[in-house]
Amino acid sequence: MIITPYSQLQATGIHKSFGRVQVLNGIDFTMDTNDAIGIVGPNGAGKSTLLSVLSGAQPPTSGQIKLNDQDITHQPARQRAKQGLVRTHQIPKPFSGISVFENVFVAAIHSATNNREEAYDIALESIKLCGMLPLANREADSIGLLDRKRLELARALATQPKLLFLDEIGGGLTDAEALQLVDTILTLRERGIGIVWIEHIVHILLRVAKTLICMDSGRIIAQGTPDDVMSNQQVMKAYMGGASHAVSA
Amino acid sequence: AQDDDTIRIGFISPRTGPLASFGKTDGFILEQARLALANGMTVAGKHYQVEIIDRDSQSDPARASQLAKELINQDVDLMLAISTPEVINPVADASEAAGIPFISTVMPWEAWYYGRGAKPGEASPFKWTYHFGFGTDEFYRTYLSQWSLIDTNKKVGVMYPNDADGNAIRAVLKPRIEKAGYTVIDPGAYETGTSDFSSQIALFKSEGVEIINSFPIPPDFAAFWRQAAQQGLHRQIKIIQIAKTGLFPSDIEVLGSLGPKIASAAYWHKTFPYTSPLTGQNGEELAALWEKQTGEQWTQQLGATLSLFDAGTEVLKQSKNPMSRTSVRDAIAKLNVTTIGGQVDFTSGPVPNVASGPIIGAQWVKGTGKFKLDYVITENVTDTNVPVTHTLLQYNR
Amino acid sequence: MINSLVQAILLGGYYALVACGLAFMFQVMRIINLAHGSLAILSAYLVWEITDALALSPFISVLMVLPIMAVVGLLLQRVILERATKGGELLPVLTTFGLAIVIDNLLFQQFGANTRSLAPYLGDLSWDSYEIFGLWIGKLPVIVLLTAIVVIGGLDLVLRFTPLGRQIRATAFDPETAGLVGIDSRKIAGISAAIAMMTVAISGTALGLRGTFDAYAGGPQLLFAFEATIIGGAGSLWGVFMGGIILAIAQSVGALIHPQGFLLGGHLVFLMFLFARIYLNSNVFSLKHWLIKRRHKGDSL
Amino acid sequence: MLSVHNLDVRYGQFRAVQGVSIEITQGDIVSLIGANGAGKSTFLKAIAGALPIYSGSVSFKDQDITDTSSSTRVQQGLSLVPEGRRLFSEMTVEENLLLGKAAQRQGDWDIERIFTTFPNLVKRRYSKTGNLSGGEQQATAIGRALMANPELLILDEVSLGLSPLVVDQVYASIESLRDAGTTILLVEQDLERAITFSQRAICMLEGRIVLDKLTADTHRDEITQAYFGLNKATQQEVS
Amino acid sequence: MKIKRSNAYSKATIFIIVVLFIVLIMMPMLASNNVMERLTVLFIYIIMAAMWNTLAGFGGLISIGQQLFFGLGAYATIRITNLGVSPFAALLMAACLVGLLSWPISTFMLRLKAGEFAIGMWVLASIGHLLVNLDPLIQGETGISLIALNQFDIETRRTLIYLSALLGMSGLLLGLFFILRSRAGIAMQAIRDNEEAADSIGVDAEKVKKWFFIFAAFGTALAGALWLAQASSFQPKTYFSVQWTAYMIFMVLVGGLGRFEGAILGALLFFAVETWFADTGVWYLVGLGAVAMLCSLFLPKGIWGAIENRLGITLIPVGYQVTGLVVDKKSKKT
């Protein structure tokens, strides 16, 4: 089994606003390759934005991000990807004109390795892990929404990440499919990849997360073991509403 | 006779595209020329069939160059090209490269000679290509003669664009006009396609110019002159002398009431007192036939194109062997003939490979016949055989 | 100096008018219409034909050409754009490029090489002017400027505040979804194209009145229209109005600096705006931007 | 109210929906379930007129609508909230909602009521929908469909990407629609939710219907099996 | 499972290409003047189409301003020969110079998106044109001729130009082929489809786009220089005319956008159409416009795309194919 080298991410005092709209309001966030963090929170809480900022797709308005004690606040996403910090997109962004394999291969050859043969293997392995082998030669344009989400995952995996950010890749899955996904992610966790997973289907999230974070209005309102967080009054009020069955199911 | 050899003449002109107003009459002239050559010609006792292969450059220099090569590869014995540097220069270059005798007309010879890389004072780099027609010297003489016809303060506002004509005129004509006692107000070269001329107009107004001289393309002139009128400049102008635009009636008709009394200069006019050696027609006959066949007004291009064929066929007749390139080329170099457009004499040109031709002072006036405008001759210094038919009218009167 | 500025603003009005139809298609319908200039020339010819044949004033003939161009727009939409827009942003660029070539050459085939102008049919109005404080202000350019204001203002209001305007924007953005929302997207797309072509007809007439045209005169008009559109920003049609004026001023300043600088000045300012916007990342010239700002302020009060 | 007969929908050669027939009567609440790629969205889009029908027929309120355009169907009272929201992202929330009125149907949904139903949208009223969070977008999409006052509301993947609280809110509002007599056909991957909310469940597998039963008469296991085509018996029953 | 990058057809193609190249190299000994001159033009067309396809088809960068590089290539050749350099060396130097110049240009222009890039390039081409007009050597719109070529006799000159065009085309196509098959090639296609996502997986979009841009600029400049060599006359209005880009668009659209073979096929077709129909004047141009329009509407992947779909063959494969899968019925064909 491949064991991923240790890596640690530290973000302090992250603020992000779009014009007048304040989306992140002072987030402190630390993780390393041993973590499996679930993030929940109402729609618009700023979860995806936090991922964007951490992965470098958007710069923070203020605050600092460090990777292995190096300041990466102003590093572009591609350099972070090369250092093992990769995200998936909530709304999938496939490279629609090329095949599924090629989608994944680009990631492998640009972030994981320079060796072509190695990159082939990495790409195929990632595709296999996400259960997409039968679609490998399909043009990405022709696959459905959920396959696109899997493709997001496969592509991120092919970069051989150390810290992997997943944004709602489980939405819309049937129970069985969701369980499959959980298996996949558990495999990654065992390989020593640090995982941050945003998901609204709390019960599948809880199968993976060791730590749970709940965000609301750009702040972290609760953080701790899943049980603690789920029973937190504030979380109940802001997020779960009366839907406690979603957890029990 | 069946077994006669066939002489091939290549002819390239702009019949479509932006320059099409030059090529509009070419179909008609070609018809006349072919009719005249239907029985072939006899050269040095031998009879030949003559075939004219005509091509449309579509006003596109790249295409002109392609067509020239195509014709060269079809073994033309003589290449002719006409109207504007965009057509003539590429064809001339292709002919020079391939060693094909070539004659052209209707563009200032300076742009033809220097524009293709010849250097003043050096020997001519051209062995195969020849051009006849007007140059800056003719313009100079014509303008002085024309402008002396009306009493003015001798202040000339000039609008010369940034092209070979404009630059050559600025470099050569301007100092000579100044020497002749005129004050030249030059706001500098402008780029074609400019659509606002208010700074130039303001300058002319403040300097009180009474003569305007300009070498614009038609759309630029229309824009300039209408703006000038809007800003009141036209009231102080006694002579507006334009070249390059105003060659054809439609250029002036579009100006509406601002059009009449604009002065221009013609490289041909139907009253030229010459006869075509090729077709035997004189200018009036040619113009009348055109007007009868098409119902449209005659243009100066009619005579110009025919004069090119006149020159071309004379060259073939005077050559020792019309199928030999060198002998045709030698015949051009020695050519001295009177065409429907006047004398073409390559033996005494201003520079080698060039024969100069006339440019006659003219003016557009309100039409008396069935057309809106008439084109009348007001002076004849560059070819005194041409009759002056009208006195120059003052523009602002 | 002031004279130059005034003349530039008047010229800018013309650019704005020419740009308006293009901007409408570019910003609202999301089609880069490279046949814009050619279509303007087509309408200029139509106006000319009617004016000449029926001995009317061009101002009357343009009223007759408006419905004709509306039909042209409808056909354009049905036959070409409908298919082209399905293929992404690129395809309409390419198709309309082809269309421009077709129109130019057909016009040439029909009308030949002669330059035409509508000005002669206006009599002295084509060059009459008001003389105010030593400034000469052409009557025709003033008419063109006012027309630009009316056309752009009217379109802008329709687009922003009427259900039709919203439907036009929605259809342009995503016709399939527009259908699911209950919008008859084919009809709306047809109407949009018809509106765009009517503005093109007006701008073509303005071109014919101001200057001359021939079958191949569409190209330069297209470039000016583009520059005005892009200088104006993607915010609203008023931006285009500003864009036209800025373009004209830039050209005049260019011409003042160097006689050959007229076009160059316009082009450089165009590029400057393009990059300034990217670097500053804001649409300073978008009215909407300011409106929204104001409304937000209103909210918080 | 809606009757689909022998419907076939194809992408090129590929038959995404094959010979599907269903009957939905006024007031029904129907859940459509099935694995990813089963053809649910394709089926719904075909009903709504967003995809051409290859063969078969669809009729709505006893009128054949097989060949009518999607906008006509909305005018007749059939609205679809498409998968992936499909908002006009350059337009504001308010404008998106107002567009819903294009069909000009009478009814009690208006813009204020939408904002009451989805209070999280109030603050975003003048924001471009492209900048909204996933959940806010979903709410806007549903709101937009409601503005047409549909008689039959079709919702594809309603709760995808919504936080549990919002899902509850959405369902609460759909419920109020149900109580007002709107017929509803929805795709929901949360089986529990589907079963408790609807009276009837239809399960699709590889473009066919493999199960169509009242929820009262079925249980989770049967549906789960149908999902994966394990239950041959059910399959035969239907065909 | 294995990754395959070639197939039976492509192996045959390589053989044919090699044979064809040898035949073409020997052409000056075999063919008539006319054939050689026409082939030279064809080679230049192929370069132009391939370069535009590089940008638009593989990079999603639609430029309506490639005439900038075409014109600059020719202009630089004039300027360099004017310094006394042999015209044939000047061709290559000019292309390199323009390639170099395109580097700073790319830094700015590549920041523009889609339509703005397209038109921005067009405006830039106009600026280039106006600036070249300021050079007194060029004499404004009148231009100048490359008479330095007159030093060669007509046969040598024709052969040298032919060979330059042949080698230029072969070199550029070969280069393009390898670039497309390299990691930059697949990256460029990813960027074309979604730049943000490409960035998020470690693709340096800016760099890749820049190299493609420079490559296309270099190639187009070489085409312009070669065109000047075979036509002799340089006139700014002609060389900076948007018509060249129109031709490129026509060729690529008809042949097949984003397909290596498509650009070549398109150039061949354009060449054939021009050869046979150009004499019909206005109608030829109308036809050209109409065909481009129809192709873009009804054959979005061009003729080659249609052939590929129908017959399932790729002659010059630049993609990746996974073999040994349980093949799903809709999978992309080799």
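Each chain gets a letter, A, B, C, D and E, in the order it is written, and its residues are counted from 1.
The criterion applied here is as follows: a residue touches a chain if its C-beta (ideal position, glycine included) is under 8 Å from a C-beta of that chain, and two chains touch if they have at least 3 such contacts.
This structure is a prediction, so every number in the text was calculated from the model and none was measured.
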Inset, instruction - Average the CA atoms of each chain to get its centre, and name the chain whose centre is farthest from that of subunit C. - result: A
Legend entry - Chain whose average C-alpha position is farthest from subunit D's own: B
Legend entry - Distance between the centres, which are taken as Cα means, of subunit D and subunit A, whole angstrom: 29
Legend entry - Chain centre separation in whole Å, for subunit C relative to subunit A (CA means): 47
Legend entry - Centre-of-Cα separation between subunit E and subunit A, whole angstrom: 42
Inset, instruction - State, to the nearest whole Å, the distance from the C-alpha centre of subunit A to the C-alpha centre of subunit B. - result: 75
Legend entry - Two or more partner chains touched - positions in subunit B: 16, 162, 189, 191
Inset, instruction - Would you mind listing the residues of subunit D that make contact with two or more other chains? - result: none
Legend entry - Contacts with two or more other chains, residues of subunit A listed in rising order: 142
Legend entry - subunit D residues within the subunit C interface of the complex: 48-50, 69-72, 74-75, 79-80, 82, 86-91, 95, 98-105, 126, 144-145, 148
Legend entry - Partner subunit C, residues of subunit E touching it in the complex: 56, 60, 62, 64, 108, 111-112, 114-116, 118-120, 122-124, 126-127, 130-131, 133-134, 242, 246, 249-250, 253, 282-283, 285-286, 288-294, 296-298, 300
Legend entry - subunit E-facing residues of subunit A, complex: 55-57, 76-79, 81-82, 86-87, 89, 93-99, 101-103, 105-107, 109-111, 114, 120, 124, 133-140, 142, 155-156, 158-159
Inset, instruction - Can you check the complex and tell me which residues of subunit A touch subunit D? - result: 18, 21, 40-45, 48, 90-91, 142, 144-147, 168, 171-177, 200-202, 238-243, 245-246, 249
Inset, instruction - Provide the residue numbers of subunit C that touch subunit E in the complex, in ascending order. - result: 26, 32, 34, 80, 83-84, 87, 89-91, 93-95, 97-102, 104-106, 108-109, 219, 223, 226-227, 230, 260, 263-264, 267-268, 270-271, 274-275, 278
